[in-house]
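Each of the two complexes below includes subunit A, the first together with subunit B, the second together with subunit C.
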Partner chain A sequence: MKISQKILYLETKNFLLGKTVLIVAISLVLFGIYGFYHGSKIIDRQQKTIQSVAQVQKNHLDSIVAHGTGKPAGTTAYYPFFYTFHPATPWAKFSIGQRDVNPFTLKVKMLAIEGQLYDSELTNPLTLLVGNLDASFVFIFLFPLLIIAFTYNAISEEQENGVWKIVRTTTESITSAIVNKLVVRLAIILVTSLLIFMAGVLYLQLPFSYPTLQLGLVLLIYILFWFTISVFVISLGKSSSFNATTLVSIWIFLCILYPGIANVAVNSRVPVPEASETTIKQREGYHAKWDLPKKPTMEKFYAVYPQYRKYPIPDDKYSPGWYYAMQFSGDLESAHSSEKLFEKLFQRQKLSENIAAFNPVISAQQLLNKIANTDLTSHIRYLQSTKAHHKQIREYFYPFIFEESPTESIDWAGYPEYQPAGYSQDNLTGAQITMLIWTAVGLGISILLFKRNFIHIKDVQNA
Partner chain B sequence: MHLKFIQIIGRQEWNSIFRSKIPLALYAVLLTVSLLATFTGWQYVSKFNQQQAAAREEVHDHWMTQPNRHPHRVAHYGYLVFREKSPLSFFDFGLDSYVGNSVFLEAHRQNTVNMSEAGFSNGMLRFGELSMALVLQVLVPLFIIFIGFHTVAGLKQNGVLKILLCQKASYLDILLGKTVGITLVTWALFLPLLMVSLLTGVISLSAGFNSEQLMRSALIVLLYGLYFLVITLLVVAVSAMSANARNSLMALVLVWILFFVVVPKSAQTLGSSIFAAPDKIAFEQAIEAEVSKEGDSHNPNDPHFSELKAATLKKYGVDSLQALPVNYGALVMQEGENISSRIFNKHFDQLIGAYKAQNSISNYLSFTDPFLAIRNVSMNLAGTDFDTFTEFQKQTEKYRFEKTKNLNEIHLTQISYKDDSKQKVSARNFQQQAEFKFKPLTIKASLAHGAVSLVALFIWVLAGLASLTFISSKRAYQL
Partner chain C sequence: MLEAKNLTKRYGKHTALNNLNLTIKPGEIFALLGQNGAGKTTTINLFLGFIEPSEGWASIDGVSVVEHPQQIKQYLAYIPETVMLYPNLTGIENLEYFSSLAGFDYSKKELGKLLSTAGLQPQAFEQRLGGYSKGMRQKVGIAIAVAKKAKVLLLDEPTSGLDPKASNEFSEILKTLAAKGTAILMATHDIFRAKEVATRIGIMKEGNLESVLHACDISANELEALYLKTV
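Take a look at the complex of A and B:
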């Protein structure tokens, strides 16, 4: 065995024999397992609910039709709900993201849509506040701590107990001594993370496909980033206590303070008063029509659906065609603020992506949520698919409503099937490259500092 | 125990903290962050409340200026209620961002409170929100760790501890003196700041002098003072048990991670997996099933409503619905409302019960994690807690029920059964209805909800003092 190999072997052995390494690695594995368990539990429950939707829908329609027998379709059409759902991708178990905050099933009537889109899911707000302990939390929050625990005293401990001086005087190359120490630690960190990641892939039954690969890639870059941060602090050549304090402070800054401040910035830069405005406008837009002449309302409706002009709308009494035209114009009147709301939400997304460019922690979390399709953008896609379904349903039932067909004569379940928003493969490269740049910059600075603080150092008395 | 020694050591600790630069630098960072947090929090809450108040006014204006309408149409026109934030929420955001901000109240249906801030967030919110409470709960303990980890362990390392012990001071005196010194420093640095922020914030947000809010503020200051004492006791105890400053720092950082990251998250996820709560579909299905079992107002042959019909006819001594002096349709509608509201409330209480059971894990774990204790009590006092939001939901449902009942009453007496839908009543009827006004929990109720955490905080102080006494009696910890 060559000397250099032997040193590497001894270094590995020396590092692995430390008590901290074992404890930290085991606790992280345990958290990983709990994270997988928690993630699959939450998502499995959601999926189970989603699977029950078809039956719920069928029973619901059956009972509505049974009640409506003998009445015209226009009367019965007021009652049924139509369910839509947001199926979870396989990767949602890894990164639950916003799936616990946003509803994953919605039910809409044929009435104006805007007031029905923002119904919330029933959830315990304290659970939402505390957040999920899923695999992404383990990797994003806890893994940096493992990296810190593994590396903070890589050199300083030997300096503190005097071994470093012996190393310096006996080794041929101080550079390779430092590189050895770091490489051993990096290798063990990577092996631990790979093991936990593979365990996650198996436990969560993630498909061996491109998104899984992307997931692994993001985590790899993220781990390299934190390792570089550690190497940077080590390269300052200070004491173990200093390193630990500094690294924990950096962790707190990147994981808690920075996102906290960024969040305030996003909320105040892009406020969303449109949320309540949309609801108010839609409600007024529809209800005011009752007290107005019917013709203008109908004209708005005919502008989009001219084929119904042939059905007479009596001017002095209620008719179902008029009722649904009123609902439709409620939506028309709130369409502007609704569009603006979506636009604002995209602005928020964009702004926070820009902010994340300066903080790989946020960036990595956003990437994981993107891959898992559990972010706000994915939820907006779901809302849009619900809107599209609402339109399909209205258009399916309009002819029966205007014809005043009897309830029992039409196929209530014959409307076009709901098309859930499919998996969206978003562009991840930009954010990944930014994270890599930060890593490279960190590494470059560290190398310079190592040269200054460790290699080109003249022996000073009592150093 | 010698008070004089404790005093001397305390003063010495105070002086030594202020002599070095690092604590002041850290303090400068924390001061900046907490001023920023307070200011942005205050700005956000006042802007938000203005927005909500404007929306409330708009809805109220629409309501008051509506033309003559059929009362049942007004029941469907419904009402929108906008939740406003409590004056102290600028200090502790609590659950505010995760609960809905507006609810649509209409006949027949209990809608969810929608439009939460979290629903419009792309996930950055989940890292935690920057509020003054966050700074005090999470970052100040870290500050205490950084200024205090070497307080006893350092003395062991440089041999000063032995010299001190050779003099008249007992080990307990030294530990207590250290605790007093560090606690007084944190109190002096943070409590006046907290007090001033709370006072300015509360007075400007609640537009004037409000004794209830001031009392809450005073309690908050008191409890945070207690919390800092608990953390200091913990830091001094760990420092006294460690052989050197480095071990002490490592142990304390580990404890910090446990207390602030690991335990809270595990507690809540554990709670929600032990006590399952229904999701929305299951919740609604259960209510629907029970309502249709009780009585179905759409079904002409339903036994419950046949009975109502027979009883009504008998009561007025007539033999047909047309001959009744009141509108039977309204009567049926109100009966349907009574049934569904009763069943909804029952299920809603069960749901809240399930959530409370989930939250109880975090409540009881306050005895193992002082952060949970202060987090819970702080939310209770700031009015951003689970119980305040539940109260909001209950009050809006009550208001919805009363309003609908009132409209059905008008329908019953002023609309005749024949040609029901063609009639209208004067808008004055609707204008007389009271506006919704949220009545917040009383301070007594808030404290009762936080009782477990409150007790836990006091137990922590006692346990801290007891452990210092214990540590001081062990020779091993003096070396």
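Take a look at the complex of A and C:
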């Protein structure tokens, strides 16, 4: 098999001058530009909100303290919110993931934490249905359509209009002729994707670092996977209309039906009633204690914080120490379902990853979200960091509450600073290798089919 | 040289070609006449290796078509009824593409000379093939055959749809190629063109080669009468 530069040049020229190429490429570039703009807009808005948190927090606390002057710390401590936030990584602009569904800031009171963790607001419910048109959407969902448009008729069109017979009788190596056509298309697809990707890197100001390289690597493998799917369909040796219909059907299955079925499967295999159950348990645990003797509630609290046993808690009337101990007890009673909830969320993530092993579309999307830290795991880390911060705040204010210090004597800004979850660099190799295996299997089958349907063919249609 | 020995092709119970024995020597133009379904295209497809014979064998320059389907491609060129090439490339680019595909590396000047030899006007060289007439495309097809130095030329209704001038030019080119030693097998409906260009003429009916005549031994009218009587 020999590949001539002259043939590649002429093949490229012939392909690029085709009617559809320019239209498809321009459409994709426009979608790409919009994707970069959309991702950038969403994340910039979130970052702007996050940047304002410190000032909002300060103003809020100043206001609470001003109102609480002269009152005991326990009374004032009921009111303030303490903000936590989930900063976006630079790559979140490329792949928004679940950042528009899950909260990126939470304001928690010193009361029981569990009910406060799952408060969230939907900024735009419509995006739940269609997803975000960010850069990852362009690459994951639209790029396969470009690959289909560029390849579906690579050989069949020539068979249909008669050029293939001339090609077939001109060369001793039909394999070279086929490889030339496919190599040219692959090169143009890769160049197009590289240009759009690099434009994205520059527009979104992604750092030239390992995660950006990983983004590029995942997309490269993903593009090779879809190219192989196209090559497989071409290798069946059918008509252009058959190829187009089959490829679009595969696209619909892999991009729409399979993820939909997978979502139903994940929901039914790993149901998560614990989110509401945890909140209810915590609320019930807390409310029931208003009417119960205070001692059992306090004993639960002292088991964790024995240092506060020295402060007297009257059994016949309200006291701030008891109130906050009661809130804490609510959390203790819901602790089991809370643990189960996080466990289930991790199970869901694991099951999704297992399902994705059979569908590189889901796998690629998960990998992009992982790199961007916009996936469920990242959100769980954020919730855990919020829980940790809530604990720090409680433990900072407990002494003042139990000592019944006056509001104005406390350094309200002295509580430990919130530590965001930080960037997590997960191992992506396993999923990447799985995608490569699918690609290699597809390519292997295609080579066999090409030999059967094109190289050793003995019927006039494909000849 | 083209050779067929007891060459037969059956599709189920239907015999498309029955026991064809034929030798076409270098420099010879053999025209196959016959109605649609007589077996002309089947014969050409068997020589091209597009289909496998049910019985017998076909060879090109002594090489079996069945046993060496790829090797025989270096000896032959094929011109169908309508030569379809790449419409986005110019005439000269198409010739460059196909000659490169055949393993030949020509300069622009040489490619232009080949197109001129095939009768294409120089001003058409740099025009896109999409704007070419059928006759012009046939000439590029001939240029490809010449460029790959084909020893054998297989033509399936090559002058169908060409205007008389283009058809006449095409005949002249075929004669030139034959004079240089190319063996040519041409399937056609055009009795008068066959008489004018061919060395020998075969009349086919229902898969059988009914008669073979030397073109110089028969007039056009006699050939027409014989053809009508046979089919």
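In the analysis below, the second predicted complex is superposed on the first by the 452 of 463 C-alpha atoms of A that agree within 3 Å, B and C clash if a C-alpha of one lies under 4 Å from a C-alpha of the other, contacts with A are read in each partner's own complex, and residues count from 1 in each chain.
Simple rule for what comes next: a residue touches a chain if its C-beta (ideal position, glycine included) is under 8 Å from a C-beta of that chain, and two chains touch if they have at least 3 such contacts.
Predicted model, so just to flag it, every value in this text is computed and none were measured.
Novice: In the overlaid three-chain picture, which partner chain does A:N14 touch, first (subunit B) or second (subunit C), both, or neither?
Specialist: second
Novice: Mind working out whether A:I280 is in touch with subunit B, subunit C, both or neither, as first, second, both or neither?
Specialist: first
Novice: Have a look at where A:N243 lands relative to subunit B and subunit C in the superposition and call it first, second, both or neither.
Specialist: In the superposition, A:N243 touches no partner, neither subunit B nor subunit C.
Novice: Identify the partner contact of A:E172: answer first if only subunit B is touched, second if only subunit C is, both if each is, neither if none is.
Specialist: A:E172 sits against subunit C, while subunit B stays out of touch.
Novice: Between subunit B (first) and subunit C (second), which, if any, makes contact with A:S230: first, second, both or neither?
Specialist: Touch status of A:S230: no partner.
Novice: Quick check on the superposed pair: does A:K6 touch subunit B, subunit C, both, or neither? Answer first, second, both or neither.
Specialist: In the superposition, A:K6 contacts subunit C only.
Novice: So, A:I261: does it touch subunit B (first), subunit C (second), both, or neither?
Specialist: The first partner, subunit B, only.
Novice: Compare subunit B and subunit C by how many residues of subunit A each one touches, and report the one with more.
Specialist: If we count touched residues of subunit A for both partners, the winner is B.
Novice: Quick check on my understanding: which residues of subunit A belong to both its subunit B contact set and its subunit C contact set?
Specialist: Dual-contact residues (subunit A): none.
Novice: For the complex, which residues does subunit A have touching subunit B?
Specialist: 31, 34, 38, 41, 45-46, 49, 52-53, 56, 63, 67, 97-98, 101-103, 105, 115, 118-122, 124-133, 137, 141-142, 145, 160, 240-241, 244-245, 248, 252, 255-257, 259-264, 266-268, 271-273, 275-277, 279-280, 283-284, 287, 290-291, 317-318, 345, 348-349, 352, 355-356, 361-362, 365-366, 369, 375-377
Novice: Which of the residues in subunit C come into contact with subunit A in the complex?
Specialist: 45, 48-52, 69-71, 73-74, 76-78, 80, 82-86, 88-89, 93, 96-98, 100-103, 105, 141, 144, 148, 154
Novice: Give the list of subunit B residues in touch with subunit A in this complex.
Specialist: Going through subunit B, the ones touching subunit A are 33, 36-37, 40, 43-44, 47, 51-52, 55, 58-59, 62, 67, 69, 73, 77-78, 80, 82, 94-95, 97-102, 104, 111-130, 134, 138-139, 142, 146, 245-246, 249-250, 253, 257, 261-262, 264-269, 271-273, 277-283, 285, 292, 298-299, 351, 355, 358-359, 362, 386, 389, 421-422.
Novice: Of all residues in subunit A, which touch subunit C in the complex?
Specialist: 2, 4, 6-7, 10-11, 13-14, 17-18, 161-163, 165-174, 176-177, 456, 458-460, 463
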